[in-house]
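One chain, chain A, links the two complexes that follow: it is found with chain B in the first and with chain C in the second.
The block that comes next holds the complex of A and B.
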């Protein structure tokens, strides 16, 4: 209150009114500060999650590189969902995944604005033989809708006089709607998608269509649709469906993304179990027993955390190549390169991926905090070393084991360097991060970001779920002093 | 617990799987890398002993020198920026309010996803007509409005503080209640000026800054500070993903600093900056050591982003020491140069170790 020496009339301050004034004044500041802090936190949240959310939304777009980038996404408009479901049903009787099957009969409308003085010409409708996607998609023989589609009943269904802004000038003219049907002629296989290109005469300005156009080509003269019978699922999650449809293994024809996901799960789950078992055993021994050479072991453990993976991967790569002292024969192969077991057994950085030094350290730290009393009691009851460890100590260690399991899974799922060294070919032997990188090479060069983004988003979902459920382990993991990964 | 010979043997058994893998995949492999670094070896022939020739040859290779320069610039700039920003953010967020857990979890999102996921998303944003150039364009277009808003808010704030002080209240220049008022009034005034056409969005062409396929370096001089633009792109991405992790470490530490310390300083008339410099920074020094160490190790060994950027950027612009090692092990069409790769790897290890030790001495001496 030092500041309030006098009131407005110059009288000495310190009366009750003045005191309550300044109390209220201070309270106001506290509330304002809380408000500002919330605002700042909100700004940070937008900053940190914004790019990820924006990428997630853009992955639904046909062209995620659309400029200007916009969050008004046609794929998220419920009106289009209803239309897509209806069209999907008329193409193949399937509301969800659409397609084109015998008996399919797809009605479609397109509206143009034709200024006065321009001769009205019927647009050309075409079902192109277009291969979806680049690179990895090209290996598979696919059926084309073009071979079975017939276009019927192309006619003007509606004409309306009106005005429309064309190249910044409002002009008088008419809105003309053409309708047509695409039917499946005869018998044949079910086809995934029906692409359509519509070529209009000059100065016919595209206004709208049953489903919004995928893209405009040749200065707006060609209106292109990637699929006019998508069904609601394929319409909204088009890029996600492509992820499994297009990128397939050259040899087996199996979707690569599926193989990569399975490989990632295999490596991560096996590593979780081996680390739980071996790291807790090692941590227990280091925490509980005194023996000659213990200090040396501990020193090497710490040192291993400091040596970069680039030092150890050289020899470990050569070991795997040469079959790891004949161990590879157990897996029926001469080399452990391009093998998931190679990724698990060896490793770069601190020792082997199946027993990480960092996890041993976490377990050791934990075992040092728990009391020895229970073990002593078990010892008196005649339990041997293994029984004391497995029956007495492990059940108490559940929180630490949980942390090890979750951190190991996340680390293994996200690991890049070591799998990148070991898994090079064929494509289907890779884990998700490495596989996504080859997506970058094949599709990124073609500017096809829909597939890359949807792959990236989908591959992040398991760890995001894990994070949402077991948040506290992650935050604690940070304070264990481990960097990410 | 007494340790009989039997028990000791048991302990070794418990340890044996770990020791075996540690011996083969760490001790042996580190030793082998050390040995290879003194040999000429291409993975197929027998290694030939060449002494220090590989180490000498390293410093004659322009690609290695470029990798070294990139690594040092990357590591120093990123470490300084992200540690500082993380501390500032943690200070702002160090409040006892509801919902902090939710926000913390949100900030942590970018760091739980894999480097590949984040890098792919950033590559997408760095495209010529991508999100980053778009935001840049919009910022330039709206510059008159932003500047008008900031100036208006500052003027209103100054006026309010002067009035409050004349009324005898101890208002500071960044008084929160007055700031809220200033922002509200400033927003209204700016909106009014915009609607009535005193200020307008500028009509500018879209920014087409090339982030990736470019050999441009910033600044033009001096030579040792010239950072390639694609490396700056990786720096921004790295800072973005690491700040939340570091911030949480700082936040944990800050919550142990007694509130009374700040209150006492406030009563003594210390401003926000003074409190930050004299209370916050000294009290989190141990965490700073940890944060700087982790940040240094992480940035000096940066590999993933370089590999994932791949042929989307010129190699010399982004190559780091870690990637140089990989590049010599698997140089595409040429024969592998395991000796050179090993020498570079050993150099990287020693370099990391010495930088960590140096910063440790530095921070230690500040404590005493």
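The block that comes next holds the complex of A and C.
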């Protein structure tokens, strides 16, 4: 770095002033270059990671479509975390997930500004019977907090004289705080959430409340809270909790997201193993053996990479429909449609199947770089063909195998087209990307983007982890294959 | 030589295995014994429909069907339903009962894959205008599952603030014009109404002006004075700045704009109710019939989806039984009373649900009555499908943004439309 020895004039030791000028100029150049490189990288980072981060933040909001978008998110304010935890505890004795259980007693305050000359009126507090507007939540029979909640002790707890800006004009008036408690009357089931609507008279301007309002409606007259006893977990990760609570299978009642994640993992892991095994064996054969038609096989391999998925998917679909000429009957299925094995076995195009041409190519290229001498040495030591392959060559090929593994995993995890064709019903058989698309139709149509965003963020996590942990293999993969993943 | 014989042997073994297995496969499908329940598959929309079907089967019609030895499976098709349905039909994997959306009905029925219901079941209890959309050459191919029409949704708070009377079934275009201007006068951020540049809403106004989509020869005449008048009125309010396109409020549709509380009126159907429950649960809204236009009548679209029976089904009798159960009185009553959809049986107009007096039940009643009031047409554009709307949508958008005059825009649209219809 730039810690040079200096003499008493501040010049680098053993230099004249002229030299030091040049050195200084050089150093300046160097730092300028470093600065530019970092700036460019920063811009790229923001460009590529920015949207993901923004989506991650938005997935915490009650209204992810908030316009204009803002990064001042109430859910990320530690003061609100403490309040949410306290309210959750008073609602159900649970700091983390909150809720409303027998014995619950939730204290709440709300403050309005009332300009001078406006008559002060007590706001109306209501616990509404509210169900989700879309998806299974809209159809399923649920328990309502409204059936068990009682509102007590609504009173003015504080009045303060002051000034406040109203519609761009500063006006004199008073800040009035009302307090009330909501209690769970009698015995009953635990309820997930306690929505509250507070209707104030006109010209009562909402200032603040124990928890910030979820939304203002009816031109500012109604202050609405989706849940006043959330607990810290449900407050910050509301959309994530809903993902598991609301999006359930109609037949089994299990959260769909679990099933989809399980399916995606299954498909990805099986594909990684089949590709590692078959691509390395095929690559080895192409790299080491001499047999008639080898060049032709290699050409076919290259050619299969050039055929777009859209060309082969119909024939592959028909093949699966008939269960691979009836072979699937051995496993008790007449058709491989709507089956994860169908997604694994056949693929649309070369980029997604049990064995992929691109991966064979990567392995072949790598094996060709390994010197024959190594194998010949093993041959002299008496190793047979299988031993030379499995004990000698494969361990050396670990970087290439790593590249194949992650490229396959990432490809299979994100794959959309082929699973979309094969997996249509029931809901539980889908993989994550297909499942998330059904969310778009179910919830997106009703403007409820929170669930979709949180699902998308969760589904990106495995690939992000994979990338961070194995990033050097990604570079290998690109340099071996010379192209796509 | 040795290699060649091994290859040949492999081939022989492989091919014979395949042959044996495929004959086995053929047999497995027919193996059902007479006592085993018959599976009837339904292919339909994703979204909320799977959950509604599950409740319907659990709570209303499931027992009845299982007594008849029928098991029902619902298969939602996600994404582009029409594309997915055509794929399934051509691959032979389509279900016994399929949803037929009204806008693609002519195309689907034309291919002969849907069974004619005239001889199979009684279609008379269903609303006539719905049956008409699925009747071709006197044969009816679908029974409407439920339906929607357009209605005028208005924001009571904005009307109160502007000091204007709420619209009702006698409101005319002139009355509406005044209301819209009065509400827009509240402030810069408030508009009287949301008018999307799209025929799927504008059409109702064109019909109210007396315009018909097709003449007897199957041509569409956009230069008709009635069309001109409707376009001028509809776009004029936007150009005057008293009405707004939803996209100018950052919203994709009229309902989105309505939920922002920045527009007084939106013209939508009952599909908006679930959205409002989510996005603006406290919004005080009322619903009125569509306004009466210069023709002296109101115009409206009927949007619907019907159950049709796949003509390739192997269990026709059971499929009919399921179709009848799904559209039975108690099934429709259940769906209505839960506020999930609007039933297609004419007699349902007497249901007490419509008299509950809540904003939602009022809206459902107005939408239900919309199907039989004034000039009502199915949301259907012959064999070209929804592409038919594209030139008109472009014209509306051009006029609203001031890129072209009404005459210019309609002339261009007419040209495009002629090309489209000539295809």
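Points worth noting:
Definition applied: the second predicted complex is superposed on the first by the 433 of 485 C-alpha atoms of A that agree within 3 Å, B and C clash if a C-alpha of one lies under 4 Å from a C-alpha of the other, contacts with A are read in each partner's own complex, and residues count from 1 in each chain.
In the analysis below, contacts are C-beta pairs under 8 Å (C-beta built on N, C-alpha and C of every residue); 3 or more make two chains touch, one makes a residue touch a chain.
The shown structure was predicted, so the numbers you read here are calculated from the model rather than taken from an experiment.
Partner contacting the larger number of chain A residues, of chain B and chain C: B.
In the superposition on chain A, contact of A:48 is made with chain B only, not with chain C.
With both structures placed on the common chain, the touch criterion links A:251 to chain C but leaves chain B unconnected. Shared-chain residue A:299: touches no atom of chain B or chain C. Legend: residue contacts after superposition of the two complexes on their common chain; A:156 is shown touching neither chain B nor chain C. Of the two partner chains placed by the overlay, only chain B lies in contact with A:416; chain C stays clear of it.
In the superposed model, A:377 lies in contact with neither chain B nor chain C. Using the contact criterion defined above for the overlaid structures, shared-chain residue A:308 touches chain B, although it does not reach chain C. By the touch criterion stated above, A:327 is placed in contact with chain C alone, chain B being left untouched. After overlaying the two complexes on the shared chain, residue contacts for A:67 are found with chain B and with chain C alike. When both complexes are aligned on chain A by C-alpha atoms, chain A residues 67, 317-318, 420, 434, 437, 441, 445 touch chain B in the first and chain C in the second. Touching chain C in their complex are the following residues of chain A: 63, 67, 128, 130-136, 138-140, 197, 199, 217-219, 221-222, 224, 250-251, 317-318, 321-323, 325-327, 329-330, 334, 337, 420, 424-427, 434, 437-438, 441-442, 445-448. Residue ranges of chain C in contact with chain A, taken from their complex: 17-18, 21-26, 28-29, 45-48, 50-55, 73-79, 84, 91-93, 157-158, 161, 250, 255-256, 259, 261, 273-284, 338, 340. Those residues of chain B that touch chain A in the complex are listed here as 1, 3, 7-8, 10-12, 14-15, 17-19, 21-22, 24-30, 32-33, 36, 43, 89, 92-93, 95, 97, 99-100, 103-117, 120-125, 127, 129-131, 134, 167-170, 175-177, 179-180, 206, 240-242, 244-245, 248-249, 252, 290, 294, 297-298, 300-301, 303-304, 307-308, 310-312, 321-322, 325-326, 329, 338, 341-342, 344-346, 348-349, 352-353, 356.
Residues 3-8, 13, 22, 25, 28-29, 31-38, 40-41, 44-45, 48-49, 51-52, 54-55, 58, 64-65, 67-69, 278-279, 281-282, 284-286, 288-292, 297, 300-301, 304, 306-319, 345-347, 350-352, 354-355, 357, 360, 372, 375-376, 379, 385-386, 389, 410, 413-417, 420-421, 432-434, 436-437, 440-441, 444-445, 449, 452-453, 455-457, 459-460, 463-464, 467-468, 471, 474-475, 478-479, 481, 483-485 of chain A are the ones that touch chain B when the two sit in their complex.
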